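The structures considered in this document are given below.
Look for chain A in each of the two complexes below; its partner is chain B in the first and chain C in the second.
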Partner chain A sequence: MAVDVPTRAPEDTGERPRRRQRSSQRTWLWGSLLALPTAWMVTFFVSSMVIVVLLSFGNTTRDGFPVFGTTTENFSALWDEVYLRLFLRSLVYALATVALSVLIAYPVAYAIALHGGRYKNALIAAIVVPFFASYLIRMYAWKALLSDDGLVNSGLRNTGLGDGIELLNTPWAVIGGLVYGFVVFMILPIYASLERMDLSLIEAGKDLYHSPFRTFLTVTLPATRPGLYGGMLLVFLPALGDFVSAQLLGGSSTFMIGNLIQQQFAEGQNWPLGSAMTVAMMVALTVLMVAYLRATSSRAREQ
Partner chain B sequence: MSGTAPSTTRRSLLRGGLALGAAATLPGCAYIRDEPPVSAPLPKSAKAEIDGDLVYFNWADYLDPKVVKGFQKEYGVKVIESNYDSMEGMYAKIAAGNQYDIVFPIAKWVVKMRREGKLRAIEANELANADQVFYSGSYFTDPWYDPKSRVTVPFTVYKTGIGWRTDKVSGMTGSWRDLWNPEGAGHIFTLDDQDEALAMAALLLDYDVNTAKASHLDEMRKLLISQKKVLRAYSSDDVNNMNGGGAWIHHMWSGDFMYLREGLVENKANYNFEAPQEGTPINSDTYAIPTNARHPGTAMLFIDYMLRPENAVKNINYLYYPMPVRDAVATFTDLAKEVPACDVDVTALENPDVFRLLSAKDVQRRTAAWTEVKAS
Partner chain C sequence: MARARRLERKPAVAVAVTVVFFAWLYLPILTVALFSFNDQKSLSAFSGFSLRWYDDFFHNDALLESLAASLGIALVSAVGALVLGTMLALGLERVRSRRGRVIGAITLLPLVTPEIVTGVAALLVFTGVGLKLSLGTVILAEITFSIAYVTVIVRGRLANIPLEVEEAARDLGCTPLQSLRLVTLPALVPALLASGLLVFALVFDDFVLAFFTTGVDPQPLPVRIYSSIRFGVSPAINAVGTLMLALSALLIVAALLLPRLFNRKSSSLDLITGGERR
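Up next is the complex of A and B:
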């Protein structure tokens, strides 16, 4: 690519010159400030993760209570064509969610960051505020919007635009729910990297007789790539594991991997199998993520 | 970072963190245990007298809040409410040691919890209104799930059938086959509930509703998958699916249908309910007091208060679920007079189509079949 854009990698920010020697008192302060969040993470995150991993080798008592064990039965039970199909379906939904989120988030973030003027912060707040409401509540609201006699369809009927479309209980509704649920995680990082971008670069691109479209492709997009990649990851991961959207907005064939895992912990009474599924998902996602991060960072280095 | 002081801090922090992590895994010990007892001794009944605020654990919105308020006022105690969204969730919390004074388990969970000694005896003589449910000849003096009614008081009874829109479909035959009715294609819903969905298929195939036989499950799976051609979705949100217009034919619970027809819709005549001839699953919810309850006396008074006919009437009019309280039975019969199929004859609890407590292996086999249905 023609223009060399100085993208600021996150680690650069830590390289401020050290101004003064830290006193041991200050270190103590930072150490104790760190202690609380560390303790919190260890107690509630790491240890529950450990329990999940241990349970994945466990079994259930006669009455369905999970107990630790040393069996690998749960993992061999995962080689089931049904589970693979669910995983692929979830993958397709999650990728569609990411693609739609990019298409929505980029123009929104761009408009706010470059043309928001003094309303920038207010506009960002307006986008974030709806997400203070619980995800579950917002999914229920979608149900009311999309149902056959819901707001959207009665609107269509009243304006004579058609006699209604079946929206609820289709794969589209599930993907729509996922996009609505997670799109903010795409908007914010893209907005942040657009905010940080040096606008004179765009002017420079124009001065060099680039069309607006080419300027966007060769200047703006590369400069905001870190935000874009971060946003894609932040949307993809929760979308892949989600079960609420499929449960509330889904149809007869939109069961996702998240629903499957949730089922094992609920009416399936099989926590060990559910734990094995969780562990397998985590391993698969870690592999995918490492591959993704390596690919994107090596591409960034090529610049 | 430079200097020795910070690295020591970091190392000690790490060490402390690891120790904490190890300590925090201790609750995991709950998952090291033997097979559960099959018949634990029954903890003694409490006296019906106030011994503190009531810690109440129920499905959300499953009693008239006005009645609960009345109880607080009359006895000068607070009701501290928490909710569960599944029986498994309720059981897991109690098994983990959480203390509640009153819970509302479904019949087969009573079997499980009584067997494991998790429920306290309820002495009927302590309750002033006991004769409203335990009168002579009442089915509930010795229900199938709780011999001699030692640990529970009946709360509600209900059955599963089919609700439908009379303005949208006509050819209803009074069979579970109606859930395949081509007139309703794209507007048919089956309950997103393992037991209910499998029971529906089992009844059509003339199997036991609790079957876990591989050959039976295989046939049931095929039958349920064949429904997908006309099925809109699996969902337990039956009231909203019907009310939102998406559902024309819905596998649904009788109490939910009554609530929809009598409490929500404008044109009642457009809604009807049938109890299919192959048989209908009948179920009942109960009042029960966990063994580790801290205020069992208040819980006894609470149950007694709910059994007062005037309070039962209020609850029936709020919930639209029938309650076997003698002087309130007429209220429900009257409420259901236009849709008598919704009324539940309690003697029907004697029938074979009730959901029994199954072993974990059986449940897991049934789950596997149900998963395949939903995943296909």
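Up next is the complex of A and C:
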């Protein structure tokens, strides 16, 4: 990495060896900077993942204490209709969240990036700020709004539009909560790729007498595909593992994998089974992610 | 002219969706904030302005203890993540080796791992090595999770500082450590402040990791709030929630504005030369 272009007059003969020494000093410096954070991440992240995998083959003693082992019965226990239905439900909820997020995020990102004018940054900030402020409180806000004596139901009652409807404990409440929680991860990448786009392309499309809709399909959408794909992944990952939305806005009929895992660790106290669920979720996520990345990158190559 | 107008025409659908989106985004939050000032218990009929729920909060020792715990966790985690994340960013940006790329990928993993997995894994590793669950274990888990944010932000800034500036410092007789301390770090100040504030805000109201790694007493504020709202809604929580939202929003606004503030005053190069003149 040393720059060998002499910046001073070449009569300075001591220059070269000294530089080399400096360069090795520097590599030493940067290398040592890496050591502590790497050790930290290995101790607290990598090894913790290894422990989860190891414990998923363990079992519990009679008084519920988790011990390591070599049994696969935790995984075979997962092959159960109750659990499989729950896994499928989580997958459907997460995919619905992604689909709804795309439908919301694309128009919002489009309107702000292309027509936001000088308010662009302010508008994006107005989206980002509440999104990064407490997720829990925002879920609570929905619960308060939709609850039986909340604003929506009492409004319905006061205007005589019926006796109020049960809004909580429905799949839509849970999916709505997930969208509300994570849609920002879709808006930001789409916005970024719209910002980077060459706007004269749209103009060119219109010059060729494309309708606005056709221009969008053939020009804008392909140009923002990387942002769209990235956003889909960023929404899907947290949505699949979430348990707060289903806990606060749903009920046992809308529970997701996250709730199941959380129960094993916090209530059920079957840690090895909970670990197996976690591993199963991670395996499913990895498989889906690899398949997804393959598909999207080969699409991108075709472009 | 006609073409220009066609391009200028605002897409009605997109604008409409955006307006509805903003309403949807702010309606629940503003409702919580509004009803935190209600003088009755009702969450639907606003009968009069009152600070009674805030008063309740400031006389509730358990909640205040949780607030103090959360602020402490956020402060220590932000400092820890800042130190480790900056070291990592410097190392990764300057050592461009294969090993560096592997380390870089590992440190980004927490960002794409569902938080519940990180939480479960942290719980297992702490109990595995016999650490008693407490605020300390929450801090360890939060630092691990937050390093990636700092690294991403600082690396982005670092990539914009030309290497030549460091080389120049070296030519003027600085040791590598001196050039790091006198040249690189001052130029990173806006990024460091911004990422520190961001991590503070994220950790302060993080629930999932805290939920899995906390001990019994005192619990971080989000965990305490969660256990009381699981089964119902109460106006007292509106007050706490409004305070939490306001604090995080302030911190995040500050994090967004800070780099800009620095940039307007002077470019990174000016910061460096200013430092040298001293």
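Note that the second predicted complex is superposed on the first by the 251 of 303 C-alpha atoms of A that agree within 3 Å, B and C clash if a C-alpha of one lies under 4 Å from a C-alpha of the other, contacts with A are read in each partner's own complex, and residues count from 1 in each chain.
Operating definition for what follows: contacts are C-beta pairs under 8 Å (C-beta built on N, C-alpha and C of every residue); 3 or more make two chains touch, one makes a residue touch a chain.
Worth saying up front: this structure is predicted, and the values here are computed from it rather than measured.
Aligning the two structures on chain A places chain B and chain C in a clash.
After overlaying the two complexes on the shared chain, residue contacts for A:Gly231 are found with neither chain B nor chain C. In the superposition on chain A, A:Gly205 makes contact with neither chain B nor chain C. With both structures placed on the common chain, the touch criterion links A:Ser252 to chain B but leaves chain C unconnected. Legend: residue contacts after superposition of the two complexes on their common chain; A:Gly177 is shown touching neither chain B nor chain C. Applying the stated contact rule after C-alpha superposition, one finds that A:Thr61 touches chain B and leaves chain C untouched. Within the superposed three-chain model, A:Asn169 lies in touch with chain B and out of touch with chain C [touch as defined at top]. Looking at the shared chain after the overlay, A:Ser47 reaches both chain B and chain C. Looking at the shared chain after the overlay, A:Pro189 reaches neither chain B nor chain C. In the superposition on chain A, A:Gln262 makes contact with chain C only, not with chain B. For chain A, the partner with contacts to more residues, out of chain B and chain C, is C.
Overlaying the two complexes on chain A leaves one chain C stretch of 2-10, 128-136, 236-244 or 254-262 clashing with chain B, which is 128-136. Shared interface residues of chain A, touching chain B in one complex and chain C in the other, are 22, 27, 31, 34, 38, 42-44, 46-47, 51, 55, 143-144, 147, 149-150, 153, 247-248, 265-266. Listed in rising order, the residues of chain A touching chain B in the complex are 22, 24, 27-28, 31, 34-35, 38-39, 42-44, 46-47, 50-51, 54-55, 58, 60-68, 82-83, 85-86, 143-144, 147-150, 153, 166, 168-169, 247-248, 250-253, 255, 259-260, 263-270, 273. In the complex of the two chains, the chain C residues touching chain A come out as 3, 6-7, 10-11, 13-15, 17-18, 21-22, 24-29, 31-32, 35, 42-45, 84-85, 87-88, 90-92, 94-96, 100, 103, 106-107, 109-110, 112-118, 120-125, 128, 140-141, 143-144, 147, 163-164, 167, 170-171, 175-177, 180, 198, 201-202, 205, 207-208, 211-212, 222, 225-226, 229-230, 232-233, 237-238, 241, 244-245, 248-249, 252-253, 256. By the touch criterion given at the top, residues 1, 3, 7-8, 22, 25-27, 29-31, 33-34, 36-38, 40-49, 51-52, 55, 104, 107-108, 110-112, 114-115, 125-130, 132-138, 140-145, 147, 149-151, 153-155, 180, 202-203, 206-207, 212, 233, 237-238, 240-244, 247-248, 258, 261-262, 265-266, 271, 274-275, 278, 281-282, 285 of chain A touch chain C in their complex. Contact residues of chain B toward chain A in the complex are 3, 5-6, 9-10, 13, 16-18, 20-21, 24-25, 27-28, 31-36, 86, 88-89, 95, 112, 116, 186-187, 192-195, 228, 231-235, 237, 240-241, 244-246, 359-361, 363-364, 367, 371-372, 374-376.
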